[in-house]
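Consider the two complexes below, in which chain A is the common component and chain B and chain C are the respective partners.
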Partner chain A sequence: MRFTVSNTELNRGVQAVARAISPRNTVSVLTGIYLEAKDDCLLLRGTDLEIGIECNIKANIEEKGTTVIPAKHFSELVRKLPDTDISFTKEKDKNNIIIKYLNSELSFNTYDAEQYSFLPEIDNYCNFKINPVIFSEMIKQVSIAISHDDSRPAFTGVLFETPGDNKLRFVSTDTHRLTLRDNPLPGIDIIKPVIVPGKALQEVNKIIDKETEEITIGIGENQAIFQTEDIKVKVRLIDGQFPVYQDVIPRDFSTLIKVHSADLIKSLERAILMSYDETKSSSNVIKLQLEGNTLVISSQSSDLGYVHEEINVYSEGEKIEIAFNGRYLLDILKVIGDENVKIKLNGSLSPAIFEGDTDSNYLCLILPLRA
Partner chain B sequence: MKLTESLMEMEKKVESLLEEIRELKMYAYALEEQNEQLRTQLYEKENKDKKEGHANLEKLYKEGFHICPPHFARSRKENQDCLFCLSFLNKDTRDAEAK
Partner chain C sequence: MRVKAIIHIDMDAFYAAIEQRDNPDLKGKPVIIGADPKNGRGVVSTASYEARRYGVRSAMPISQAYRLCPHGFFLPVNGEKYKKVSQEIKDIFYKYTPLVEPIALDEAFLDLGGNVDVIHIAKEIQNKIYSETGLSASIGVSYNKFLAKLASDWKKPRGFFVIREEDVKKKVWPLPVDKIWGVGPKTKQLLLNWGITTIGCLAKSSPDLLKSKLGQHGEELRLLALGIDERPVKADSSVKSIGKETTFLHDTNDREYLKTVLLTLSENVGYRLRKNGYLCNTIMLKLRNSDFNTITRNQSLNEPTNIDQVIYETAKTLLIKNWSGEPLRLLGISTSNLLPESMRQLTFFNDDRNINLVKAIDSIRSKHGFGSIKRARVLQVKPSKGDESVNG
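Then we have the complex of A and B:
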């Protein structure tokens, strides 16, 4: 195996595939990066068998071959190599690879490539294309409500479904919050609802090139594939039933508030600061009180003091006093992406709906705290 | 047979039929009464069971456990409310009110 590659390209490929590798994997060969010198390019792979990332980079291939290099140290090394062409040589019967750059060389011990396994190829899957900027926004908006509790796998993922009307829908919930984001995709086929692991989606979001024209998403029986021109991410789907979320979303509401998002964010940040409690039992408890067209935001702490802020809002319906976890509110407001936000309330104990004033494709449901 | 005799015979048969119909009517009435009583008893029992079921679920939730299908009987972390449990409880209440 013999090839030369520019360090810029190599660095891009290595950093992308290293994201899928767990250094604590009990199968030692899977702690490495798989390299395959093909006819016209170098293929890199990394996987923990839950997520698999492969990347094709430009390289001058002199002799084809495969090897696996320990990822942790190799990715560190590649970051520190000079910005020049790097050549790799591996003899067939040896278990090391020689890396040459400028007038220097180093030798890296390798794993046996024949023992390397990757997520299998899938044949029958339906696919669709989506703009990467929109896809990234969708992931960010639903990521806030993904649960981190591994004992309930279905809640650690995002539901992908096509509810009809040529729409792609993402839903996530941690049982205290629920987010739902629709995006029109003309001509999209009806797909079987699947749950894609949230962590893997966040990795996909980090490595896809937002300047690429479109990303192809394929949904198979057990896997999803996210593919751009030179990067392919395979993700093992979560096996489980996503809860029936439609019943949870209230249809009627008794109070409507429209408020400037940036004003509310600033007030909430101050209120959260003043809600600090050493025991953490009541940290982040923020009270919202609507009186006419004034929204009062308040919090208090036995250690620090209190804050009372008033914001002018547009409102309809009943006056209300309600408490929320301020962090949850901030999370929503930061991803809602609209100048004004609509808050729909139904009494102080029922879930509140947050939506952009002009964009009806995204909603977030949040449970109030009992005062 | 003379016409008068035939008519008399027919009158007897009609009378006997009428008698039979009267008996059947009484029997049907008794059955309807009994059915109504049984229905009332059954409804009361179902309603009582349902109320007890709802009260038990509400009690379980208040004690800090999930009652929603995805997490039934698991403990609720830090006693935080659950969207699905509340929706389940409210749906039960709404159904009862609708009936």
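Then we have the complex of A and C:
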């Protein structure tokens, strides 16, 4: 195999596919980047068999062929190569590849491409297209509630579903909070609800170019595909049952608070700071107390002292006293993207609903702490 | 040396007072909190002052209490509720000092440091407890823990008593020896045998005699009697780990037996975590083989716990991963990275069966003792000598 590629293109491709590779993979060939010189382009692949990333880059192909190069050192090397055209040559009977640039050359030992495996091809995809900026925002908003507890896999993913009305819905929950984000998508087909691994989704978010016009999402039996013009990310779906989340979303509320997000964020940051407990870790126990149009935010620590802050808010309904993990409150306020936030409550033992004041496409439920 | 100002706060008939506060029909009536008198087993946890007039006392068998006061109002222990009120009271303490050492739900020491206006502050705390919770407390003020505790007991309920250094001879010495914290019926009898009846007698006794008869404990008692007590008020934080280990009579590699032992250790550790109001973030397994080689392995948890089943499952996984199969002479579990369970995060989609189970078991054990209920699996384990550890 023989080809020449610009360093810029090569870097783009290698850094993208390297994200899917685990250097500690016990299958050694999977610690490498797969290269395939095709008729008119160079195909790169990386995978840990949970997520697989493919990238086509422009290259001048002289002779077709395939090989696998150890990813860790190769991607480091590519970063350090001079900004020029790089040429690759691999003889059929040799197991090394010669890389030439300017007046220099180096040789890399390779893995046998025959041994390489990748996520399988599936035809039966249900496709839809979405704007990458919106997609990225959706991922960001549901990521806060993805669980890291591998003993319950369904909670480590994001539920994709189409609840009707031409919209796409993402749901996540770590059992302490739940996020739900809808986005109108005219003409979208009804898809079977699937659970996409949260980690993979965050990788997808990092890789996709927000400048491209749209990204195509395909949902298959065991796989989801996220595709832009030259990058394709395949993700193995989580096999599990997502909980019946609809049951835990309260329909009514007895207290409504409207508060300026930035004010609340500042207060909470101070209150969290004062909640450090004797184990020197933050207990994050924050008390909220609503009395008329005053919201009191308070916390205390036996080591440090206490804080008591009052914010003016708009409110309706009953007065309330409730405690939360302050980190959870901050997480949601930072992704809600609205100047004012609505908090709907049903007493101190039921989940609180957080919504943007103007945007009804996103909601987050947070369960309180109980004494 | 800095002059210390230590106060001891003791709530008056705490559990009974809470029930009387919440149910006006019980005001002024004999209220007895504890086991169900119909079942005849178990003991009195707290008796209201009205019930005490009939001779009902804490720790008395419930059947006896019923005979003494058949028209009393017998109520079960509502631990959750009392814990909550206890926390409210603790919150008041923390407004005055970070040095708060809770002894039980109804009792705590506070170190007010070199504060000049200790008496004023102590009075304020007493008033604040009443105005914020509607409950009365007795407060003792002194310069060390022993005397502060003695003072709070001086004239309950609603007591307020100060013991100054110059008061020790006049006020403390005439008291009987068993007023000293740590003098139980057995020690009392021993002291009486030597003619030591009052705290004053004890203070004047020969240190050598006490030491020879009671060892180090004798010396400690003598110092207390002299009004000397250097024990510091330890803030809540003092406990860093709670653990239990057991050495086998014969080294064993019986996998099922080891698992069963892990279960009994987990139950012990879980019970003590809950009783002391802690959750743990880390679980450590300790193995020692016949050659006295010891290994310890940790596992951090995704979510802090004090549930026996979770501790057991984690320890079991550690055992399976780290045990070569050789005979063991010791097995231990220790929990660390403790945090107070004052607040519990509610969860969606979770099975609360394990939590409900331990709660039910705890309530039985708190009435009838730890051994009163057992998992079938642990019946094959004979009680062996185990070391409980609480490390600060």
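We take it that the second predicted complex is superposed on the first by the 366 of 371 C-alpha atoms of A that agree within 3 Å, B and C clash if a C-alpha of one lies under 4 Å from a C-alpha of the other, contacts with A are read in each partner's own complex, and residues count from 1 in each chain.
Here is the rule we go by: contacts are C-beta pairs under 8 Å (C-beta built on N, C-alpha and C of every residue); 3 or more make two chains touch, one makes a residue touch a chain.
What you see is a predicted model; the values in this text were computed from it and never measured.
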Room on chain A for both chain B and chain C (clash or fit): clash
Which superposed partner A:Glu318 touches (first chain B, second chain C, both, neither): neither
Which of chain B and chain C A:Gln300 touches, first, second, both or neither: second
Which of chain B and chain C A:Glu62 touches, first, second, both or neither: neither
Chain B versus chain C, judged by how many residues of chain A each one touches: C
First, second, both or neither for A:Gln241, with chain B first and chain C second: first
Which superposed partner A:Asp359 touches (first chain B, second chain C, both, neither): neither
Chain B versus chain C as contact partner of A:Leu178, first or second or both or neither: both
Partner chain in contact with A:Leu367 - chain B first, chain C second, else both or neither: both
First (chain B), second (chain C), both or neither touched by A:His148: second
Clash-bearing segment of chain C relative to chain B, given 346-354, 364-372 or 382-390: 346-354
Footprint overlap on chain A, where chain B in one structure and chain C in the other make contact: 149, 173, 175-176, 178, 243, 248, 351, 365, 367, 369-370
List of chain A residues in touch with chain C within their complex: 148-149, 151, 173, 175-176, 178, 243, 248, 277-279, 281, 283, 285, 300, 302-306, 323, 325, 349, 351, 365, 367-371
Contact set on chain B toward chain A in their complex: 68-71, 77, 80-84, 86-87, 91
For the chain A and chain B complex, residues of the former touching the latter: 149, 152, 154-155, 173, 175-178, 241, 243, 247-248, 350-351, 365, 367, 369-370
Touching residues on chain C, where the partner in the complex is chain A: 83-84, 87, 91, 94-95, 98, 100, 235-237, 302-303, 337-340, 342-350
